[in-house]
Amino acid sequence: MAIRSSEQYRAGLRDGRRVVYRGQRVKDVLEEPELRLAVEHSALCYDLAETRPDLAVDVEGGEKFSAFYHVPRSVEDLTRRGSLIEACAAAGSGTIVLKEVGSDALFALLRATEGEGAEKARAYFDRVRSQDLALAVAQTDVKGDRALPPHRQADPDLYLHVVDEDAESITVRGAKVHTSFSANADEIVVLPTRAMGSEDRDYAVSFAVPVDTPGLTLYVSPYSAGERDSFEFPVSSRHKLLESLTVFDDVRVPRERVFLDRVPELAGPLAIAFVDYHRFTAVNYKLPLLDALVGAAHLIAELNGISRAGHVREKLTSLIAYAETVRGLGQLAALRSRPGDRGVQQPDPLAVNMAKYAFAHGFHDAVAKVMDLAGGLLVTGPGGEDWANPDVRPVLEKYFTAAGPAEERLRVLNLIADLTARDFGGYQAVLATHAEGSLEAEKMQIARSYDPAEAIAYARRLARLDD
Amino acid sequence: MAIRSSEQYRAGLRDGRRVVYRGQRVKDVLEEPELRLAVEHSALCYDLAETRPDLAVDVEGGEKFSAFYHVPRSVEDLTRRGSLIEACAAAGSGTIVLKEVGSDALFALLRATEGEGAEKARAYFDRVRSQDLALAVAQTDVKGDRALPPHRQADPDLYLHVVDEDAESITVRGAKVHTSFSANADEIVVLPTRAMGSEDRDYAVSFAVPVDTPGLTLYVSPYSAGERDSFEFPVSSRHKLLESLTVFDDVRVPRERVFLDRVPELAGPLAIAFVDYHRFTAVNYKLPLLDALVGAAHLIAELNGISRAGHVREKLTSLIAYAETVRGLGQLAALRSRPGDRGVQQPDPLAVNMAKYAFAHGFHDAVAKVMDLAGGLLVTGPGGEDWANPDVRPVLEKYFTAAGPAEERLRVLNLIADLTARDFGGYQAVLATHAEGSLEAEKMQIARSYDPAEAIAYARRLARLDD
Amino acid sequence: MAIRSSEQYRAGLRDGRRVVYRGQRVKDVLEEPELRLAVEHSALCYDLAETRPDLAVDVEGGEKFSAFYHVPRSVEDLTRRGSLIEACAAAGSGTIVLKEVGSDALFALLRATEGEGAEKARAYFDRVRSQDLALAVAQTDVKGDRALPPHRQADPDLYLHVVDEDAESITVRGAKVHTSFSANADEIVVLPTRAMGSEDRDYAVSFAVPVDTPGLTLYVSPYSAGERDSFEFPVSSRHKLLESLTVFDDVRVPRERVFLDRVPELAGPLAIAFVDYHRFTAVNYKLPLLDALVGAAHLIAELNGISRAGHVREKLTSLIAYAETVRGLGQLAALRSRPGDRGVQQPDPLAVNMAKYAFAHGFHDAVAKVMDLAGGLLVTGPGGEDWANPDVRPVLEKYFTAAGPAEERLRVLNLIADLTARDFGGYQAVLATHAEGSLEAEKMQIARSYDPAEAIAYARRLARLDD
Amino acid sequence: MAIRSSEQYRAGLRDGRRVVYRGQRVKDVLEEPELRLAVEHSALCYDLAETRPDLAVDVEGGEKFSAFYHVPRSVEDLTRRGSLIEACAAAGSGTIVLKEVGSDALFALLRATEGEGAEKARAYFDRVRSQDLALAVAQTDVKGDRALPPHRQADPDLYLHVVDEDAESITVRGAKVHTSFSANADEIVVLPTRAMGSEDRDYAVSFAVPVDTPGLTLYVSPYSAGERDSFEFPVSSRHKLLESLTVFDDVRVPRERVFLDRVPELAGPLAIAFVDYHRFTAVNYKLPLLDALVGAAHLIAELNGISRAGHVREKLTSLIAYAETVRGLGQLAALRSRPGDRGVQQPDPLAVNMAKYAFAHGFHDAVAKVMDLAGGLLVTGPGGEDWANPDVRPVLEKYFTAAGPAEERLRVLNLIADLTARDFGGYQAVLATHAEGSLEAEKMQIARSYDPAEAIAYARRLARLDD
């Protein structure tokens, strides 16, 4: 079928998957209103085939495929993928939608697996592309004591590992955290979380399983649970991301779905390959969020009547420089990209990590500046129920008029509150620090991606050391 | 009666006050569960007379008075007030509780009013102290177009003003925003929001009225509405602050309650005097919040097993330096304080504004560091309903064990999430930027409190300009 | 002759130019040892035709031309120019050398003049290129009271202006500051310093004159005067930049050398066009300086034996990220460039200003980090005369050995001291803040180069304002 | 004699001391013009007894003593000492003068030595005080490979150690770096540089010797050598600090001058005790430098005609907040001080390290801001020889007039250049990072001086961990 509609995507989620939400087993994710919201959010990336076919659809041999599954083989491919991700995130009001993460994992598998594993990865990729499946990626293990490697944990299950095998399958046990989209994806791709030594052999495993595989349970986080009024929460009332603790309780995985079967030396390269693509995704999907902050900051400065003050102009410029530095370095990551193993194009790791670092490092300050421009009404203003009440609204209209009408001002304030101050804003702030690798991880990758030899040689020359 | 119990305080709130919450008129704030939570929070400052009589109770002529109403007349008085406010905020889990703000306003009125107004202020102060009343302070006008002074606004009501008068009273119209505690105070003190010129005469007004005064309506903000599970929200399930749009729709104020009656030249001094005390309050009531961040950061670093990493130690030290710089400068504001007009002790304005600026300027970065140490579980972890389910809890206990038990870790993560990432955290972040004066206001006061003459003279000497 | 040797360049400087240095008229800049050092420095850009002909030489119709005068007409042209500038600055130990600035001015004249002026500019360009002349650029007027436009200054000469004219010439009076290379260039190009109104007509003037033109006097700054030992000052003993107050005391300029003759509406565009090219030059010529800092920091950390400490790795990574962000954004300025007027390629103004801002904004912190890694010996260590003394050197060799030999360590320390702590380092720091436009100028250009319309529209959509 | 005049101080320096400067043995430090400048600078602290007897002189039993040697035993004593140091540094144009450092060492010896060593320290202190001697302090060893403790260095002399002993004396070998005032002090006090283990026993030594002791050679750093014009270098033409590599080549020390004789467990406490006092000194002696920056920034903003621009006001306020935060925390270090061992008052270590950290951390940014306000003339302006030339000066007066006369502007620019951009400015910048302990040392002491127990307990309570 090659390309699916969002309706087909939704229908595909009705299976025996075991999902626990707010302490209860959920029978059907389409029937639970909050999980349904997450499904509707992710459905946007299927809708994109209709709304932005120029970016979202590949035509090959007369057949249509999702461009998310277009393996990048050139600077142009990666640049186009960047645009696709940005457009998708724009539809998603500044958040990742769904297919980005699975395709990142597939490119990593195509590039960083070897031998039989690489063949299986290729076959799996072809199936995902031709069926237009939605994949979640479970990478981060629960990790236990972070000072210890997997095989030395008190409980061996604190990293996911192979506990049994037979001719047709391996059996795995353990748990992954921060699994985005798990409950509304078709399948889950498991990747190793880090480099591993020979004693961690059983932990060096990568595979994919359908979400309804026996033994697999998704404990979806209730963060930011509850219904949202659309006046008060213009973004989070329409968009939701879900994350789960993803428990593999002796899950059998057929051998044709195992891409890395206890090969510790490939665990690190595969983990890093994914992270390269995923950070490239990140610096593109964050752009609409940054644009929203820049735009909202300009709007509220205007509506509050302060847009001419020196410190306001300074803050607006600083927000522009922040957003455009992330955009610029992200663009550079594509422009400087080079073919990696098996011809899969690799974003420039230095540029992509600098872009991600610039994003993460500057986010809290940007939020502080936007809050500063917006004012205290972010947390003391009226709500949707007030606005809806015909006796109350005129009072609000009278008293919240400033350099623009009260309604515009309140709606922009609510947008800013949603993006920065309320639960959803906190979610964004934590994501900025931790998603797709922490600040410390990005710093480490910057140091690793940079070869200081030339700079050292130049400094030696200037110091007249090698005269 | 001099000192009231928290039970007496609660009982006093049952009157005809007109409160609108979430679009509905609330008959009794003690019956509305969320407003009740705010009442319980504020009741803590009455309880303090029991739990910390050393700080919270003055004995005078055999009678007990609330130490919140102890007019500071020495360094020791202000230092003790600082300790009282810090202890009260510690009980309030790092937030202001209630009486702080009203007493700040009273000290400002005692110091900065003149003539008949000063006499009325003194009489009012005596009544408040002897009846141990709880006061809210309504200072910030809705302001309309901020580029224009009060009398030039399109709608004259965008700053509160006198619209009529007779022998016994004046009548006022307008609205104040960000009025904390309005719905759970006994009375509301109105202060001017800024310096005013002679054409703004009708706007230069200060008075106090009981909350149930006819014509007064409180539109309480629904920010962070909803019930909270105590496992998931350890702080915000127990504490709530409320803020209102406070509308004066032709409210009659008896003349004995009017402290400033159209005297524009005193509007600025009175506004600033309040802000001096209120920023001193702020830098003291924020200390438990900062201690909570420092303590939680140490705890989670230990529980995550990362406390020995170099970057972790760096972040912990930076948090300590941040919290203790605020504490130190706040302490200095008392130690450097001097008697102001009418003998009311005045916190050193330079130190108090530097302390407040240090707090506000560093808050977002401190939050980012704590989030960094805590990890992504802040927004992807399990909730109270998961924890309560006997089938789910063992899974969580198994997989969230790290360098300490899962329960400790999840509880500390929830504390951090509550303080930094969820609605309540966003509230704290916006408060850091805007409450008790914005960053820009603090910067302006630093510049104004500092006399550069000596530094300029010294530089001239060094430049040999006056040889 | 098309391309000149550095010997020809030196010979060309022997004319009747009026140069004042350290209070004395200098007869021949080649005979004054310190000015001679500046000449030798600038001669490097002529030597480059020998050492890097791939970058520095254009061959056209069998004739060779300096590639500095290659008018950019494509992304590739600008990218190659970036490489040329970087290579030239590498030879110059991280400083601008000479021809960069004149060619920047020529491109601006080609792009932003009109009519007859444009024809003269083209003719002048052809002559400069075919004779391989070295140009200085005098743009910044002394300015007087910065709050006033040119025509309202107390002294009309505080901006350079036309005071007389006849059929063949105009006569100008005024003074320019910060004129780099003036005393060792062949000619001086004068550009307007800012946008001008119709009343500033006489000030809207651009032309070129030979340095020995009557009425022109160069007061060269003595900053960092004095001879330098090459052990102690490895860079500044070999390289010098000179800057002058350039006084035009009724200088007659032949009409064919006048590119802008009292056309105020073109003053701003011409000034900005120059700045675009010149900031592009800046972000490329600064790269070797940044590489030197990064390389020296790695070296000294190793030699001091501290390269494994956490805080040291953090500082090194931060230096890498800083240098590479400037490099990346500079590269992007070429990659995003577009044809400007008359087909002259225009670096992307947003990227070029962000690159320059990133450079300038981060420079002081980078210096502080390098100083931190190097240690106090930067200012307490031994000097060249100590090192040269055979009785003293063994003591130094014994006691300054650390994780590497004393000589390597002292030489690297001296490199760092030269680049950061001594006069030359101070020069670099002031340049970082002010050269090619101040921090504030870059911020202004960032705000101007960015069109917020899309971001605002997106924010409005998210706020549901245009539903 | 108790208190000496500066003339007596100078006379005392004429002895057989072995000083090497710029590769040459110096016979008499009073005859070498540059070292003489350092002597004159230090003589200021003797002159202070005349100019500020209120601060600089103690009268006891009718006799006068230098107040630098007043052992602090109360908050008032430390506060007065802070004022004395600030006044002395004001005379020294923002630099340390001389007696501060020796008295810091004496207080540390009085507090942190034990038994016989303590007695000798007390006797030594009495002699220094009654003879009003000037002491240098040699603490920092050359250290070799910093990853290794003293006894494991390849060359055992890389830390100073005992190599022999007899009944009357011990003999020491090794070298100390960064010894300020060594060549113009009467005696040198040697302190251990760090905590030591039992195998470092021979290195745990403290003593004092006259500067002319045989075997002692001072290799004075030539940093910033050369004469200075007083127009161009208003500060550094009048003030000089000297630092030496201080080599002990089998120096015999009489036993009565040995305060710590191979007692490794006291090495750390003694080192830290000195650092406490010395950082307290630092945060006081830096205040005039900070005042000079604040004052010069105000002056130049005014003279340049930009003092009303928003960004200028922002920068001035930031400079004020920086200087006053250092002053405030330094003051707090005295106000919070407590009696240490043997009743010697101990500055609050948390406050003193926060003050020092605030100073060091903010210095480079403050310099950048002052440079920004001053403009490029800092490094392109005219010099003293230009100003002295009657033909040149009128040109400078004409063209450097701005919102104030050219002379004022040039003198203030030269002051700023001297403090921030020239050699002397680089010296200040390196000192800010390294003197009296590096940034990393201050951070470590902040972490050590802070007991997190209360904050952790509070966080546990809020997290409901101990319910």
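Here the chain labels run A, B, C and D in written order, and each chain numbers its own residues starting at 1.
We adopt the following convention: contacts are C-beta pairs under 8 Å (C-beta built on N, C-alpha and C of every residue); 3 or more make two chains touch, one makes a residue touch a chain.
A quick note: this is a predicted structure, and the numbers were derived from the prediction, not measured.
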| item | value |
| --- | --- |
| Pair of chains joined by more contacts [C-beta pairs], B-D or B-C | B-D |
| For chain B paired with chain C, centre-to-centre distance based on mean C-alpha positions, whole Å | 52 |
| Inter-centroid spacing, chain B versus chain A (mean Cα positions, whole Å) | 38 |
| Centre-to-centre distance between chain D and chain B (centres being mean Cα positions), rounded to whole Å | 43 |
| Chain D residues counted as touching two or more neighbouring chains | 311, 313-314 |
| Arrangement of touching chains [line / ring / star / complete / other] | complete |
| For the chain A and chain B complex, residues of the former touching the latter | 20, 22-24, 140, 142-148, 154-155, 157-158, 175, 177-178, 217, 219, 221-226, 232, 243-245, 247, 304-306, 308, 311, 363-365, 367-368, 371-372, 375-389, 392, 395-396, 398-403, 417, 420-423, 425-427, 429-431, 433-435, 438-440 |
| Of all residues in chain A, those that touch chain D in their complex | 309-311, 313-314 |
| Chain B-touching residues of chain D, taken from the complex the two chains share | 90, 93-94, 230, 234-235, 288, 291-292, 294-296, 298-299, 313-314, 316-317, 320-321, 323-325, 328-329, 331-332, 335, 350-351, 354, 357-358, 408, 411-412, 414-415, 443-444, 446-447, 450, 452, 454-460, 462-465 |
